[in-house]
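You will see two complexes here that share chain A, one where it goes with chain B and one where it goes with chain C.
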Partner chain A sequence: MEKLQKNLSPIPVKTWNWLGVNSAVLEADIPAITDYSKQPITKGSEKGVTITDIRLNRDTIKFMEKKMDVGASEAMRDFVKKNQNSGYFIEIEEGEKIGTPIILQYDLDEENPTLVDDHFILAHEKSEVNIIINYTSSCTKNGFHSGVTKVFAKRGAVVHLIKVQMLADQDTHVDTISAITDEKGQVDFTLIELGALQTITGCRTQLVGKNSTGTIHSLYFGDQNRKIDINYVQTHQARESLSSIEARGVLLDHSQKVFKGTLDFIKGSSGSKGKEEEYTVLLSPTVRNRSTPLMLCGEDAVEGQHAVSTGKMDENKLFYLMSRGLSEVEAKKLIIEAEFQPILEKVPVIELRDTISMYLRRRLNHV
Partner chain B sequence: MAEKLLAIHGLHAAVEGKEILKGLNLEINKGEVHVIMGPNGSGKSTLVNLIMGHPKYEITAGSIAFEGEDITALKTYERARKGIFLSFQNPEEIPGITVENLLRTAKNAITGETIKIMAFKKELKQAMESLKIDNTYAARHVNVGFSGGEKKRNEILQMMMLNPQLAMLDETDSGLDIDAVRIVSSGVKHFKNEQNAILIITHNTKILEQLDVDYVHILMNGKILQTGDASLISQINENGFLHLGGDALDSGEVNTLHG
Partner chain C sequence: MDKKKTVVEDIDRGLYDIKNKDRYRYKASKGLTPQIVLDISKEKNDPEWMREFRLRSLEIYNQTPMPTWGPSLHELDMDDIVTYVRPDTEMKGKWQEVPDDIKDTFERLGIPQAERESLAGVGAQYDSEVVYHSVKEELVKQGVVYTDMESALREYEPMIKEYFMKLVTPNDHKFVALHGAVWSGGSFVYVPPGVQVEIPLQSYFRLNSPGAGQFEHTLIIVDKGAKLHFIEGCSAPKYNVTNLHAGCVELYIKEDASLRYSTIENWSRNMLNLNTKRALVEKNGSIEWVSGSFGSKISMLYPRSILKGEGARADFNGVTFAAGGQVLDTGAAVIHAAPYTSSNINSRSISKGGGVAVYRGAVKVAANAHHCKSLVSCESLMLDDLSRSDTLPVIDIQNDEVDIGHEAKIGRISEEAIFYLMSRGISEQEAKAMIVRGFAEPIAKELPLEYAVEMNNLINIELEGTIG
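Right after this comes the complex of A and B.
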């Protein structure tokens, strides 16, 4: 058993401690990390893609890693380096547009209760790829996942990374993404956080190349005693770069959520535009919902927008649906599903989208 | 003898502490078409929202019975499942839910059965054609980006598909051009039979042209001031509500008739 008492989700600029958003620490002990023996890659490799064990590529990626931010937390990066039990180097050849999404399926179970994964995605010039990493669990007690995924989109490359987390109710999930873009490169993240007892998740994109783009579409669902900490940062380091963060979520029961969304315009990022938006539906008076949208401007000629809103279920919408024969629970379920729909539609595999919808419907049964 | 569908007696109701209905009586039998007219603010929308069970409205006295059963304690969805339908004056936009999905979910809920998908699709296609709604609307999100007229036609589509016993149309014709009113009116006529009843709130007589109206009620200042046959409509159109007098005049709540 190991304790990791460090701050795993530092906010880029600290605020008052009493707000409780400056940090996030793991509540559970980290179990002994054992082997993860299952094969996560469900599909054979396609032309234009090579997928190899990350440990064989450490030298190749070392120089690229140096350019990159550590992601949400240095402590996490060091932990993953030391304890990694799975991980891939995924390389997309120049100009290749990969039609079929690459899918990594990780499923924790009694034999494989711990996963520490470390991935590096390198998209060469003008390549395009969709990569899905799905985390599920059938652990009956204390499954543990932590991982780091790094993405490098070279000139004109487009990477869409979809991460779906449907771990079991007692599991722990700590996930960090860091990305970097060259000129006209684009990284799109669809991040769906639904399970686990404690979730600490971060995504940090450095828009290093001129005219590069970074987007994050995120969805979260807190119920029972779940704790969710989300920390997204879009750093504009080059001229005319674009970024957006869109997060939607639902909280009920005694769940707690902290959302930190930062648009950071570094000096020299003139002509850049960024926007962030978070919308949370609160379904119980006992939830704790905290949001910190941050905008840091080291450059004058930039445009930034941010909006955070929370709401109860719209009474008139509920009445409308109930007047069509839907019970209150059914109407609420439908509204929540509808709320999530635009983000679910970004999952490019229909079967997975259906699985997520069914999982959500089961969870929503006690709304 | 005609079978009684709806019976409202001595209904008093308030919104946020303000009394809107002040002792309203209304009975509707199967096979009948009732029209309610009245100046703005007289309580017309309050009445239909109360019958549907909107939580914002509070009944302070009186009763609402449907098919002999007091429904005042029933939830909105329970009333819908008994066969009461409201075509909304301002239909809600529900992003993320398609017209078809809502209708199928609603039909399952109201009939209590899982409906057969192919038969449902066929029925939906026919109903949409009769209302001249483009069939691509089935896959669009409910009322999102719909024009005012399209929203109202979508309400009538829902009425036709859910086939209620009592359909209440709250200014379904407002915001519609003359052709759209005709299409909606024809849809309502097609829906109407001896086993159901319709309650129409309107400022406009065009929607009534294809229907045989049995009763016209004038609602003013929270009460039914006068009930008559269809000829009352033309009287109102000519003279407005002002000549009817009553408490409404004293309270200064009377406006002239729109449209």
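Right after this comes the complex of A and C.
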């Protein structure tokens, strides 16, 4: 077990050890994995979509999986495969544009305190789909989630995947997404990390087909003693591929965050463009905020840029709102909500968006 | 119409590659053992504490693993490196007395000429020891000390004992432990309170002996309210065996003092340059690094500034040019350890012909260091698709009263810019050279004129035959 907890979610190129960003360590012990007995699929029986137990499809996905990044670590990948207690193979037929989002709702509770989920999303040529996976918890102590989601967008396919994590304050969350895109394929991820005591999450997209696109919109919120480790990698392996990472977050109390974002231009990815931005607002003097925006480049005909900005809340905005009669707390809440809004709007289901907003407001009460 | 060639005249790279006969008075055996360290210590007539320090450092070296990050150093075999070569001459205070072959080498590199024209003092190190040192009379009268480390250890022992390897300790990493064990040569500068040294001091390091290591130690103390500009230059002829440079630079900048530390490094392409540089800046003091990295086979060089006093400031301006066969892993680190400190890092890197340029940096803001400001800007230019350019910055912030920004860009020479210049009658080759020089300009302008010219010349040499 100890081996499992170390060297998680490494950055593609190591730097000085004293900065503590090369990899993450899972602090809580991994509990014995018990059954997850609830039915997570709340919506999804549309025409053009097949959702089956992943264990029935191991042979189909074996070949595709081989090409994919291992995610958090090889040990964790093997752990998920071995201990998986939920997981689906979601297949979208060629040319099918699925209007209604497919929703998987996982809720940890006293009977189901552990979840190890393993999913594979296969979008055939020119199909399009919205998938939402939402993790919540009413566990009173130490809920545990570890999971892997693999996405394969074939030629011209578009996959929008929205993951929302609102686990309970003592829970652990280790999650990885690995994606591959064929020519003109597109994967668009909205990743919202709000709960859990420790979060170790990663998303690695391999842009294998030319003119393919990978985007990540990320939102995180740290308060109390939360620890968040985020590791996104966009690998440009083909010509004229596009990628972007946009992350926004707020940290307060004693929370700690490590954000690692990599744009990797492999030789041969000429004409590709990548962009990465991270904005963090710090609201307490005791937070720790680490950012590691890497750019790796083996091809000259590319454009890559990244920008990181960290600081306090804009005092002019705060002053303006307070001059309009809002209390300081109200004004701060409003500014944070406004900061998060562009990413929350990516959630295609209004009810879920409202749930997230309510959850955030409740958490912001002590700002 | 005849095509115009590059604007700045090319210089003959050959001058860096001139080899003298390997003449020495004492040369340590190859490799690294306690006996070799004791022999060096004896040869240098070290005081007791220094001998013990060397042996302790050797122990640390043996216990410390190789770095797990950065370029591969597999070709470094310490059993093949000669750690100490005393040149066959005493240190001279008059240029005429320096042996002819050594003198000619430095003449070709323009050192005495630079001294006559624009320097307040000069030191020249050949292999492991300083062979020439001079400083202007008026500075001596003001109490400025500029001497070689060996003399300093005799004449200013208490001060050396207080500061030597206290900022960069042998526990820091493997190669600094190695340095602690076998160091020799280097310069010591002390600027007394309030003294403004308006014209720069310069040290030039030349490694002639094949398969040797150079481990010079530079210790500079700029006392309260004083000011100094120090320049170092490094070169070596190319041999087919690996040479190692593991120098150490410790800079102490006291209250309200300021130091500008400029380096033009042009080691030969068989050199492993694993140098450690660090500055400790006290209240309202400032350190300004200007760094040009052109030579060596592998470089790992990241000057670190520790802003210890309120209002202290660090600036870093660096350009790195990696050509075929070179891995130049360079950058800067700043530790904000006090409130109201500020830093500005500006790095430009160029890679071509299969060269690898890496920017590795860190900005760390301690919990008590409120109201800090830091801006980091990295730009990389790739001249072809054989090369690599990586940017690896880390920002670590431990309080909320900060204003930190980081931006980086990577790309190649814009075709629109070339087209524009060509439409103005400039040849393609010249247009490209102009753009590259323009790219390095923010760094070049921080250098004294003759060094800026040398840097432009180096860029021109590097670009010859590769573009256009």
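Assorted remarks:
FYI, the second predicted complex is superposed on the first by the 362 of 367 C-alpha atoms of A that agree within 3 Å, B and C clash if a C-alpha of one lies under 4 Å from a C-alpha of the other, contacts with A are read in each partner's own complex, and residues count from 1 in each chain.
The rule is simple: contacts are C-beta pairs under 8 Å (C-beta built on N, C-alpha and C of every residue); 3 or more make two chains touch, one makes a residue touch a chain.
Computed from a predicted model, the values in this text were never measured in an experiment.
Model built by superposing both complexes on chain A: chain B and chain C fit together without a clash.
Touch criterion met: A:Gln341 reaches chain B, while chain C stays clear of it. Of the two partner chains, chain B is the only one touched by A:Lys317; chain C is not.
When the two complexes are overlaid on their common chain A, residue A:Gly99 makes contact with neither chain B nor chain C. Once both structures are fitted onto chain A, a short way to say it is that chain B and chain C open up an angle of 80° at chain A, using Cα centres and rounding to the nearest 10.
Once chain A of one complex is fitted onto chain A of the other, the partner contacts of A:Ser284 are limited to chain C, with no touch recorded for chain B. In the superposed model, A:Gly325 makes contact with chain B only, not with chain C.
In the superposed three-chain model, the partner touching more residues of chain A is C, compared with the other of chain B and chain C.
Closest approach of chain B to chain C, taken over C-alpha atoms in the A-based superposition, is 15 Å. Across the complex, chain C is touched by residues 13-17, 19, 21-22, 265, 267, 270, 282-312 of chain A.
Residues of chain A touching chain B in their complex: 314-317, 319-328, 330-331, 334-335, 337-342. For chain C in complex with chain A, the touching residues are 68-70, 360, 362, 364, 367, 370, 380, 382-385, 387-412. On chain B, the positions that touch chain A within their shared complex are 52-56, 75-77, 79-81, 85-86, 88, 91-92, 94-97, 102, 105-107, 109-110, 141, 158, 162.
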